[in-house]
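In the two assemblies presented below, chain A is common to both, partnered first by chain B and then by chain C.
What follows is the complex of A and B.
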């Protein structure tokens, strides 16, 4: 085994591109020229492993070229989208409880005086499209390792999934694409097996369905962990040994991204162990137990830094960890699954279940012994140096030597153009109806809204015994957020929720604000406050100016929403280039712009957390917030097969004030149940609260606080933001109204009767439905 | 090499089989009356038949609701005959070589804990017994669209 030299000096531009293509480097001309310059300065040609190192370190996955590059947008120059907007909001807010944000594998915020929580959300879209089971499982495994990579113990997982509708016609399915129902079953099984086997509760999540995901399903895996404050270390020192713990290395995941972009042929008979992997949760559990022992066996961890091997494998993990010092790696010391791997393959393999530790020489024997006790392997594969160089060795021979500085900062900034395209759409102005009962049931049965009990019952959401507020509430209703109690002898809790509105893609700024508002809303529903946010973008091709323009708008909304809600972003991720072509068309279509916002709040006493099921007949029902004529992207228009109107916006000042007051009301014990009005609007929220509580509700639309609406269907089904339905304890009306001020309207009460009764603007009953029928409609879609 | 198949006893539900049947019927109007599954373990090692029986009884099958059968592994799939049915298709789905099989790894280490030390590796798969009037091309379509992912799995079918 030896490294090959590749002729780069003196090559023309065309030849450079050809080299990039031949070795699947995915580097563009400018980047190849930079690399060529570097080696010209050093007066030699690169080895294969050196070229691969550049390809990995400069990949979109590792450096986020789009988010960190230059963008020209409507005559405005934006230098680094991430720093100019999202990180800027966090910096401006200066929240003292933000401990380490945007700098490590996961965002870290304070939990109490002794502990911090670490949170990360990732996407694993391409692998899941090819093999849903393995792709989703390794997605979970990867995000758990992100949290382990800051030294925290994973205590819950949240997964948000997007597919085409499960009844998508088989004959319309593009070639080489798996049917959404099969994808969904595989993805759910992958998440289930990884989380359940590792003993991490999957206690929260969400689904979105849209035809636009047919070629590109989206799988977001998130994880929350907890750690003692003083156990965070991230400082590899010269002389520290590089210890690789966990699974063995094989050809897994090599050039996975390139593979994913090829069209899949059905008669492909080759072994594709390269791009597609299946996770081994038991192995990761052993590594976790080993690393926690190494962390806790003394006052300070036995290691001086820790990280996971994810995208880019060893090359990214060691490159990143040794950025400030330098590192020497003995690739022949890496334990392999099978013989025959080239050194460069070992270096970039994305084999799962591996963690990397920097261990001071005097602790090495003890660390290796700890992992051995946990029945997993750990080996010294290199050391950190002080020469600021990355040196790669194989059998005592140097096969690569690069300057860390150039490797990490030498890449050329991407220059991209962006424009915004928003088309005005006329509202379809539907006729009024006498009865909306059928519509409510149709909405409850639509895939995004329908009960996910089939999924939830497969996930273990109780393991570790920390889950207080669970996904299914009351007699069976969809919870808004998950509440965990991470420390067994304290009542303080963590509240985790998500928000996403890909149907509002028509106005990307409002789409993003809506996602933030929804994530905040869901958190507040259970009593969450002091909220930190995570952003996760899945987008179309950013080389196309309209896609990039939409991205810029969404990022601006993140900045504005974050500042207004005083909710800093602490971590984020992006997956771009999610496009597909239908029926052999030349132009590709972007997925709906999908921004998932994850909100992590705290609650001082989990016993005061609120659920969404109605509690007692006779209690008044209030609505927080104002209903507006904002029907574009609504689920109601979707089931009516019409289109148009305005995408919901957010009145940020009002939203912040009303949410703060609502949390205060919860703390004062005034609120018995709370549910947010989102998909399906007021009518769906009311129906869900009824059948979850086994009680009826009477609502009068005349009393709903609203702006210029004269049609019943808009009051019932508009998805205006910042709205909640709240059941208030009888006798506490005055107190509640005083607290909430102009933000609430009293719209009805909880009844003993088994029905949802809504009086329309004309005073006549427009909905009178038995709650058992409503529950049936909600449950039938995923009765798999 | 030995193969051990674990299925559900006649009087108990076979959720994986029911699930597969629903998925097949979801594909189109196939004449499928029943689908049964056997979790299938191919054990590579120098075993006595007594060892194979012990592995089935003590490790792989839940004796209350499941039965197991074992035989020598054969490339022509004739071992699959221990799935009892008539006028049925047998489909076997296994991972391609090189694909991680975590359940197989766990089973191999558990066999060693049982005291049987001669096992080199274990591969897991699923055997489907599909009862119904189906043509070969229909079975092939069912395999491709529903039972096996060609990227990571191989399948073989035959009529019994």
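What follows is the complex of A and C.
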């Protein structure tokens, strides 16, 4: 085993690109030239392991070239999207409860005076496309380790999944692609087996279905953890030993991050299956138990820094941890699953369940023993130095030596062009029907809206006994958020929700604002406030100016939404290159622009949390917010096979004010049930509240607060933002109306009759449906 | 003070809430890894109650609870048998139930070490997380459920919870008052709807559902609907019975 030298000096541009392609480095010409210059200055050729180190460290996955690069957009120069917009909003808001944001493996915010919470959401799209079970499982494993990587204990997980519709015709399936139903079953099983075994409740999540995901499904995995404030350390010092704990290293997960930075194609299965890691949840549980012991056995942790081995493997973990000091690594000391790995493979393998710790010499023996007690391995594989160099050794021979400074800051700033393409189409302005019962049922059965009980009951969503509000609420209805009580003896809770609207891709700015509004809404529905946000972008190829233009618009919306809601972003991630190449250079399927917003709120007393199921006949029903003629991207137009019109926007000032008031009303005990109006609009929200509560509802559309709408179907199914349906305790009407002011209208009441009855603008009944039939329609799609 | 040992193995994941339930019931509870017992760093002699909580010990590889069962059987059998024969209390919940059944500690009609029943894959073929109503059918043998009401509501969270035994064993369990809980609406295909059983002395108790997940009203799935729910969850009585018994007896 030795490293070999790669001829780089004197190579032409075409040859450089050929080298990048041959070794799957995913580096572009400019980056290859930079690397070439570096070695020219040092008067030698690189070794394979050095070249791989650049490819990992400079990968889109690790440094977010697009987000941090220069973009020319409509004549405007943007230097670093992330800093100019998202982080800027967080900095401007200056919330004192933001503890560590955008700097570590997970975003950290305050929970109470003794504890912080850590949150992270990741994507694991490409691996899940090739190997749904393994890809999704290791996606969960990876995000759990992100939270472990700040020293927190994971207490819940969330998974948001996007596929093509489960009834996608087999004969239309592009070559090399798995059927969405098979993908979904595999992904769900992967998440189930990893989370359930680790004992981390999957208490929140979501699904989106759209033809655009046929070649490239999306798998978002998120995790929330809790930790004592004083146990956070992040200070590797020269002389500290590098301890690798957990699983052994194998040939799985080689080139994971560079694979993630390329488009998928019909050949991916052949060329990149080795990039998918192999997971073992119990191994990760052993490591978790060990690291928590190493954290808590004394007043201060036995380690001085901790991080996970994720994308880029040891290369990224050690490179990052030793950035300011320098590090020397003895690769022959890394325990292997089997013999025969080249040193560079050991260095970049993304084999799972490995944590990296910086341990002061005097604690090493104790740390190793702690992991041994948990039946897992820990080994010293190197040490931190003060020479600001990354030195890689194998059997006492130096096989790589790079300047930390150049490695982390030497990459050329990407220069990209972006344009905005908004295709506007006239609203089809459908004729009203006499009866909308069939439409409501069709919407309830459409895959995005339909019951996911089949999935939710396979996930253990209450292990750890902290789940106070569960994903299925009442007698069986879709919850808006989950509420956890992280500390057994305290009533303070965390509220976790999410929002996404890929169907609004036609207007990326409004799409992103809608996702933020929805995540906020869902959180507020259960009583959440003081909300922190996470952004996760899955996008098409950013080299294509229209995709990048849309990204810029969405990022701008994040900035504006964050400021207006006073909800800072604390962490985020982007997964670009989500396109499926059919062969030809231009022939690709891009996913719809998909921004998932995760909202993490707190609730001072979980006993005041609210669920969405109707509680008692006779209670009045109010609607918060205004319904507008915003039908583009709606589920109603989807089932009617038409499009056009306006994508819903957000009146930010009004949205913030009404949500704040609603939370106040909940604290005052006025609200018995609350549900947001999203996919399927008012009609679907009302139906869900009915069957979840086993009660009927009577609504009069004449009383709905609205703007210039003359058609019943638009009032019923518009997906305008910032709207809620609220059941108020009888006798509390005045108090509620005074609190909510102009934001509410009283539209009906809860009834003892077993039906949803809606009177249209003409005063006639336009929906009169038995709630058992509505429930059946909602349940049948995923009755697998 | 009564001391409870909450046993951990690789992949145990309900140890924290089980320890908390014992804490609420008035016992001191230590979470101890099985390696510490095997190596003699901790001793069962110092405890009056042993709880084997839920989880996926060793990933449920081979079969659920099987590897943990073998660790108990081949490395700790003497200590466990001594603990049980001295009348001290053992509770196995979910994965812990699977383990003590497979280790031959429950029901143990024919002596310790012979497996006489099993927990097999649910009829649905899937892991199930769901709240179920249990009938409390024990007439007084089981120390843990003495005086409990006739129906309790608790969650199940398992993939292999189908109780299977020969007709002779089933007959013995039923005639000896060793069936403790049955499902009102059988969720996994268990024979005779059995959800939990105890040994002939009533001091070893195992069940698939999770009483430790319902010690407070606020984990109940309908607590926002039902204002008459008591603050205390149905499951706590099991832990309190055990602690009170141990307090008196030891």
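Operating definition for what follows: the second predicted complex is superposed on the first by the 760 of 784 C-alpha atoms of A that agree within 3 Å, B and C clash if a C-alpha of one lies under 4 Å from a C-alpha of the other, contacts with A are read in each partner's own complex, and residues count from 1 in each chain.
Here, a residue touches a chain if its C-beta (ideal position, glycine included) is under 8 Å from a C-beta of that chain, and two chains touch if they have at least 3 such contacts.
Owing to the predicted nature of the structure, the values given are computational and were not obtained by experimental measurement.
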{"item": "Touching partner for A:280 - first (chain B), second (chain C), both, neither", "value": "both"}
{"item": "Touching partner for A:182 - first (chain B), second (chain C), both, neither", "value": "first"}
{"item": "Touching partner for A:738 - first (chain B), second (chain C), both, neither", "value": "neither"}
{"item": "Chain C versus chain B, contacts on chain A by residue", "value": "C"}
{"item": "First, second, both or neither for A:192, with chain B first and chain C second", "value": "second"}
{"item": "Which of chain B and chain C A:131 touches, first, second, both or neither", "value": "first"}
{"item": "A:170 touches, of chain B and chain C: first, second, both or neither?", "value": "first"}
{"item": "Touched partner set for A:459, first chain B, second chain C, both or neither", "value": "second"}
{"item": "Residues of chain A contacting chain B in one complex and chain C in the other", "value": "280-282"}
{"item": "Chain C residues touching chain A - in the complex, by the definition given at the top", "value": "8, 10-14, 16-17, 20, 33, 35-36, 54-56, 58-60, 126-130, 155, 157, 212-213, 215, 218-219, 221-222, 224-225"}
{"item": "Contacting residues of chain B [partner chain A, same complex]", "value": "19, 22-23, 26-28, 95-102, 105-106, 144-146, 149-152"}
{"item": "Complex contact set, residues of chain A against chain C", "value": "192, 196-199, 280-282, 285-286, 289, 373-375, 456-465, 467-470, 472-475, 485, 488, 606-607, 609-611, 613, 615, 693"}
{"item": "Contact set on chain A toward chain B in their complex", "value": "130-131, 133-134, 170, 178-179, 181-182, 185-186, 250-252, 264, 266, 268, 271-273, 276-283, 352, 784"}
